[in-house]
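Okay, got some structures for you below.
What follows is subunit A paired twice: with subunit B in the first complex and subunit C in the second.
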Partner chain A sequence: MAEKITHSICVGGPIAIHTVDGVIRRIRPIIFDNNDPKGWVIKARSKVGGAQDAEYTPNRKAQPAFIALTEKNRAYSYDRIRYPMIREDFVETPDGKNRNTENRGKSEYRRASWDEALDLVAREIKRLQATYGKETITACTGSHHSWGLVGYKLSTFARFFRMLGYTEIKDNPDSWEGFTWGAPHTYGYYWRLGGTEAFDLLEDALQNVETMIMWSHDPDTTRGGYAGNESTMWRHWLDDMGVQFIYIDPYNNFSSVKQADKWFGPRPGTDAALCEGIAHVWITEGLYDKEYIAKHGHRFDEWADYILGKGVDKTPKDPKWAEEETGIPAADIKALARRWATTKTMGGSGLRGGFGGVCRTANGTEFARLMVQLFAMQGMGKPGQNIWSGTTGAPMDYNFWFGGYSDPLSQIANQPIADKTAVNPVTQKLYRPNVPDAILDGHYEWYGEGFCGGGIDLEFTEHIYPEPGYNKVHMFWRYGGTFMGTMLDTNKWIKMYQSPELEFVVNQDIHFHGEARFADVILPACTNLERYDIGELCNSGNGGYQSHSQTGNSWQVVVFQDKAIEPLWDSQSDYWIFAQVAERLGWGKDFTEGRTELDWCKRFWEKSDLCERISWEDFTKKGYYVAPVPENWERHPGFRWFAEGYPCDTPNHKPFQEEGKLGTFTGKFEFVSESLLYFAPDDEARTPIATYKPSWEGHRSIKARKYPFHLITPHPRFDYHTQHNSSTPWIWEIPENRKYIEGNPYLVARIHPEKAAEKGIKDGDLILLFNERGSVLCVARVTYRVEVNTIHAYGSSGIYNPTVPGEASMDIGGCVNILSPGKLMGSKVPGMAPNSTLLDVVKYEGEVPKTQYFEYKLDKVALQADPDAETCVEIIEGHGFEKIQAKVKAAYVGKVSE
Partner chain B sequence: MANKIMVQHLFKLNGLYKEPDGKVLKIVLSEVYNLRCFEVKDGNLTGPLIKIHPESDRAKALVEA
Partner chain C sequence: MRLGIAVDSRMCMACYCCFTACKDEHCGFASKLSAAQPMMGQFWIDVREWERGDNSRKIKTATVPTLCAHCTDPACAKAAKNDAVYKREDGIVIIDPEKSKGQKAIADACPIGAVYWNEELEIPQKCTMCAELLDDPEYLSYLGDAKLKKPRCVEACPNNALLFGDLDDPNSDISKYIASQRLTQLEALAGQETNVKYLNVPTVFLAGTVYYPAEQEEVFIGAKVKVEVDGQTFETETNYFGDWEVEWLPKNKDAKITVTADGYKPVSYSAKTDADHYVDSTYLSK
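== the complex of A and B ==
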């Protein structure tokens, strides 16, 4: 009965896990003890009515998001892949033909042993590479389906596939497209993929800011990315000081209803018009920092002429014009502009200052550029004037280094963690949003490198598939998560999976997500809680695209991710799975370098500053390490160097910044982009002068006559990408999330009361969202919190539940990205725009699907393996969960007593 | 801050530098006021992380390899 406490970390933050007799009993936040360091102290203004000065310091605990606290439910989830599985009608033909690929998604599965599944995978790899070459295999990961430097996608997965040789799939920056492809052309920061630098801006805000502009930003929902609820307290402090919060979002989001002094709900996709309307007020009323712009702006007057109606379109972008586009009254736009300009104002879009749903629209690049221009007009970098969205910029010891996931120094694929770096010999690539197009058409061309942090020119490199001299892809290994709920027009993924072009498909995952059911072989991985790993909260990699992202935390916490329980059922760690396949391919020892997962964890300790701070024994015993912030920490406020004209002193900067220059061609804020004039002067989506352009799928397009509603699918509140919500029925009990009706958890979609009345829809009705790309059945939430033309439903559903399995039929799982357009932002802008989706909605009056469609395949295999197995519905509804724990406990106690 | 120039940019990130004793270091990371290096032996990064302040005597003794 001894209770064991271990620690781990997931995308929602660090956690402590209590286990008794081999089963998880409780998960809670990590509470710091007296041996952990003191927190930083910021001296600033007091609360309204308080003393002259006040001190602000964080609570003495890590503050994970609520999803992290549901890891127990997720570990024993109904949709765990319990055993290796092989598609029942898969035929291992010697030439890869006639394998019933058209049945992928329809076929059921049979249980296989690990040896049978792994031997088959190894045989197919050998056959395919011998027939077509190494490039015939492609593989792709979901983003952040697990946390930890050993198990992360850029570590174990990358090591295996680079050693194997494969066609790499380049990720697109799907969370903040517009900022990546737009903002660098105005202010540089391509090495941060368009994001700004927020170093030490929390202190600046607490001391100076008077107004916060939260544009397309719901920080309590998106939590600074991976920072849990660490920054929630900061925004409360600001609120208590009397700082005014203005939220701009077609959805009066959860942070807004809690905090906003004013909410503006623009028509989706028209935010750039609102930017122009604000600029018009500032220019005509002289409400901008003329001295700053004269010194730091490039070709400002030409842009100002365009705003004033002296450009080619002869249309002043005045508030009345902006009202026509956005639906926001002109008087409100004027008031917003004046408040912004006459008070010290900070703000930003999305979870880290430069993200957010607006960036994921057809006009996202132009919004991002205009937003940077607006902050430049108010003297960006001066005290209390900056792009900062209240989720980053806490004090931090910049001289303590522990690797983050995107840091090449912190991946087992590379030295110095590995003895030898794994190098992929294949240069052919695919581009993630268009993988189905490439496979189905056999040809695809695109621009850019996905993540273009190496230089602004990389946005314009040309790619062609298949690359000259290479063969096409015939095998797909899908690892973690599902794109059915996160990519675009996702019914086309079904067609791809059913194509005979893909002779063999492997899926490796923890849960039976949307894409697993299309695989020939399914390999069950275990959760973070069932294996060893090591990681730091919110560290995406110093030197990476979000350098020092840990400033989104109040505390810098490195966690030893101890194994809390043994892998459940037949699941194994991802590392074990890849090592086993490598062994069968003849290079197992090269892959592992003789190391266990625990050995790799120790490598991260010994190759970082961590080994100077705490011994391996003490670290693994305590389970975590908190890096102290020196009492007089070095302040390097973001952008202050530029505003005040001294050499850049912020971390992760470029040499030209030491000359006081930005990363644009001119080193200034470019109101006419010289880089676009040079690389893409005819780009229809990103013109040299950033302008509002009505969306190619928006209220001014012809399609709006047929599909009058505008869907927005923001980053989810109850998920992290496709993790958690799909596998955690506890969360379905939240009425704003899902509603469980006859075996299916329907996703909530929000509609304005006026439109609901027109359609005869009442709160709680089933409603069908549909357009020419597909249909998704949701449950209606009738609320004034949405702009009148908008349907709001969170993206990233991990549940995909088509009523006719294997066909592009009505989905009842909530994969609203089935409806989003596959079109990229522009011919030279390879960003996706899921928030530029038109659709219609009707009250659903058909028969409610009565069968639990989505996991019967798992039940069949589970019952084959154990006639007393818990079915999915039993687990969802409660009793199966307890039964699983009782069985695991009995096995554990039996083993211990032996 | 104006008087604190980030001298680590006198060194090239990912550049190889030789110490007086012949040891070759690769600068893999430059934090605010520290160069982070690993020793290079036979083309491979080896040993623990080495921290060098860019204004230190050790830094001044480095020559490009």
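== the complex of A and C ==
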């Protein structure tokens, strides 16, 4: 039978899926054909030594990341949840007590039918809400375990839970904390969560920039969020022109090590001191844009006095002082400051699109504010002078609108996609980093609304759990991904799950992630490839977020996410699962409004500009639509309006404000923050003048005497959140990722040769990373690429594998977030700080734990269901994958021939 | 027609798209030209990466996606019995999955370790340059342009670090690109004619930094640096960070480095080009 080709999109980018006889044969990038539009052309400087002008245009294909090409493997993965399952020692007591909750994480599971599992879930919801009120149920999702406007968490999940009524869990901006909580107090942009506007800056950079400061920034690893490898070539163009790339990061990261002209590795958490050292050089040598600062800076002189040592601490922040903190020679700091000031310089600093680690340290807000101040001092917004991380700002057609996932207009929870908007009647909330604290202590207080795009004051709203008049939470419905690898001090999640306070726990996921094993009922969802959806590459929408993130792509691509294969095993789409529960609760029709998933997909076509560009039939037949960029596209360079004093013309979603002003109280760059003086003058972490403050867990803490190494856990290169390492053994064989030893893929942790020698550690040894919070067994990579006091191991481990299941025991899955502090950045700064972690490291000479993959408990359930089922080891190392495909194919061909 | 792949080490960012696409195509799926690649343990395109430098002050990596070079005169073919390895008219080297059974010598003969031994099937296996797809007229016919059909690794490369085409046609994109770059055969294939062309694979660098006398705490911009290796002289100047660097040095030689700056005593070092070295941070004195 001929191959069928359909399309889809995932966090790694858009893909073409080839299927034969009901099984997936291959996953390819989308190659544009001769009917697709021409790419944009930017005229700019030539390469070094080239002719006067050159033209730059992208490759005629989508450029997904390698993780997108693992989608076939993820579908047939060994850790797929194949059947609905119920915890073996779960007892459905009528009062919710005595349910052996202390065994969560240890217990085995039995297979259940969908009816049995869904009936149980519906009964428990009714019992709990009748007993304690609607607020007794809470639910939370990981981000981006699937892609598409129907299936995303703000759509189907939100529709179900808002209709049900529940205690919402607010997300923290965990990828760029310091920019959300800090930068708005210096330059506004709270509507972009502290990030700046990068419109059309690619063209500006190609024409003008001379130096790129890549500070805490690894674009080839974080891939602009969900833009795959779309922007890699842009940075090569700049490199070819002779633009100088300066990388600053305690780890000589993967972008740096291939492209940097200079790498600086400051001691972790001291970056703000380096900022101050640079400022000292500029102020003493007059190397900044005085006219710009006089016009646009607010209380600059007071800050300058602080830098020069005329402030309260009487300490000049000169390069020698900065050397003491950062470990970077004073001479080098001076050279860096002068290069930055005397050439046209752009840079990224870990805000959205870059996701570096410094903004996730204890001092992250101050670093973010100082970064903005430094760029302001060099005339931010003038040609070639801007915050621009080299990952966004490609030309696009601003007049074409197809919604992104955070757009309220692009969610099936709301009108106009739905006939009726779903509204949650419960005002009580929880805050994600502290859910275990709230459940275990029965009380929690915090500031802020998580993502505070609606206004700077939202950072300071006060919350208490339980809210007056409300009951506590007794049921947790966990959906997609795992927080064991992404939240902090994650051993406390074990304690939470084992608490009798949680009478009922549901986990709904595709793969058997780290938290699924703590549930009473496990519901198997299918992958994106097994259901219908619709979505645009890298469009995150405008919902109090950042608009036009699609400019991180070379191409604007909307994809019909066709159903390539039938759901595997007993899995079903998330939409089906929620609809079934709603049906059992008596409001199934209200939930679906009579629509199938395909009907919902069509609503997004109909309610967006897409319906004016291509018919539904043509769109679903071709599978994707590329929005052309007009030859003379509108140009609105980010921040140029401000620098040059014309009315703001960038296509931002932003509150109305006086023309020519920023979103701060004064409308200027605030070197002394008036908003902080107003809202939080006593904030110890975020002072009115942004200053370097040694971390509460850093080289100046008492703890450093016992735990001298500084762990940094940046966003992973070989994964996306927690979603690929657990399901795709191929990537365990990437030497910089993991090392597969006797059935276990140990995570790579990096250590400097000098320290490794002191500890007797050789490259490839097993090493134990430990502190008072836990221990994680990793494999050593001895390398000059790390700063000497640093241990580098990527965060967001998809694999969580404690040697004693259900206990805070040594983890061999690489879940290093176990070691990170649960403490928030400051008493009024509700951000997390995984890169402020101290620990010690030792060569591991104990017994190597015999593989006891928790996932292998799936084998028992699978073999019960089918004695001929493929086991996990067989799928990883043997022919399990082929056997699964052969079975599915036989069933499919049988059905077709009937 | 001679089909080839150009591998540009400079453009490769080790993103692993080629590696994953190759696994996606061949793991668990046999074709007329090859048995299925096992799920683990074989890397028909292997992103080989090594660290360059011995000091955190100057450290880089080299990345070379390494696949069967499709040699003109393949060592594996010479080691093979009963024509188990053959070269197609388009230059692609294929190991016959049936005739090669039991012939471990074929795998052992490859100078770059690009042929893998399958213990279970007892056959040697390697890259087919996706010839089974190139041969199939149905494959990707929906795109309507035969030129869009490429080996999976090349198609998946986002950065043009892998190019595919006809080496015999001087006007093909691949031929023009190769002509514009530094052709650097892998050491283990020295002297061999191959249809996979490795470009810009680095040799070794020497680097250092020059400062004014220590108490001044200033980098020295514009110091002259002369590196003499094997009768050749390389000259450079320190940049805005006081850094100097000389790339593409001949390997395994003795080098003499001289740093001179007006008004200061010249400083000289000796070094070896056995590997990449950061020579020193030089503090000048009067």
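Observations on the model:
In this section, the second predicted complex is superposed on the first by the 882 of 898 C-alpha atoms of A that agree within 3 Å, B and C clash if a C-alpha of one lies under 4 Å from a C-alpha of the other, contacts with A are read in each partner's own complex, and residues count from 1 in each chain.
One rule holds in what follows: a residue touches a chain if its C-beta (ideal position, glycine included) is under 8 Å from a C-beta of that chain, and two chains touch if they have at least 3 such contacts.
For clarity, every value in this text was computed on a predicted model and none was experimentally measured.
Once chain A of one complex is fitted onto chain A of the other, the partner contacts of A:Asp89 are absent, as it touches neither subunit B nor subunit C.
When the two structures are aligned on the shared chain, A:Pro416 is found in touch with subunit B, with no touch to subunit C. In the superposed model, A:His752 makes contact with subunit C only, not with subunit B.
Of the two partner chains placed by superposition, A:Glu467 touches none, neither subunit B nor subunit C. Looking at the shared chain after the overlay, A:Glu593 reaches neither subunit B nor subunit C.
When the shared chain is aligned, no partner comes close enough to touch A:Asp21: not subunit B, not subunit C. Look at A:Pro29: by the touch rule set out above, it reaches subunit C but stays clear of subunit B. Comparing the two complexes, no residue of subunit A contacts subunit B in one case and subunit C in the other. Across the complex, subunit A meets subunit C through its residues 2-3, 5, 25-29, 31, 33-34, 59, 61, 63-67, 69-70, 72-73, 220, 228-230, 232-233, 236, 252, 254-255, 257-258, 262-263, 265, 319-320, 329-332, 334-336, 338-339, 718, 729-736, 740, 752, 783-788, 875-879, 881-882, 885. Residues 398-399, 401, 409, 415-416, 419-420, 542-543, 606-609, 611, 634-636, 640-641, 644, 646-649, 651, 653, 655, 658 of subunit A touch subunit B in their complex. Contact residues of subunit C toward subunit A in the complex are 11, 13-17, 19-21, 23-25, 27-29, 36, 39-41, 43, 47, 49, 51, 53-56, 59-61, 63, 138-140, 142-145, 148, 152, 155-156, 158-160, 211-212, 216-219, 240-243. Contact residues on subunit B toward subunit A in their complex (touch as defined above): 1-2, 4-6, 9, 28-29, 31-34, 36, 38, 44-46, 48-49, 51.
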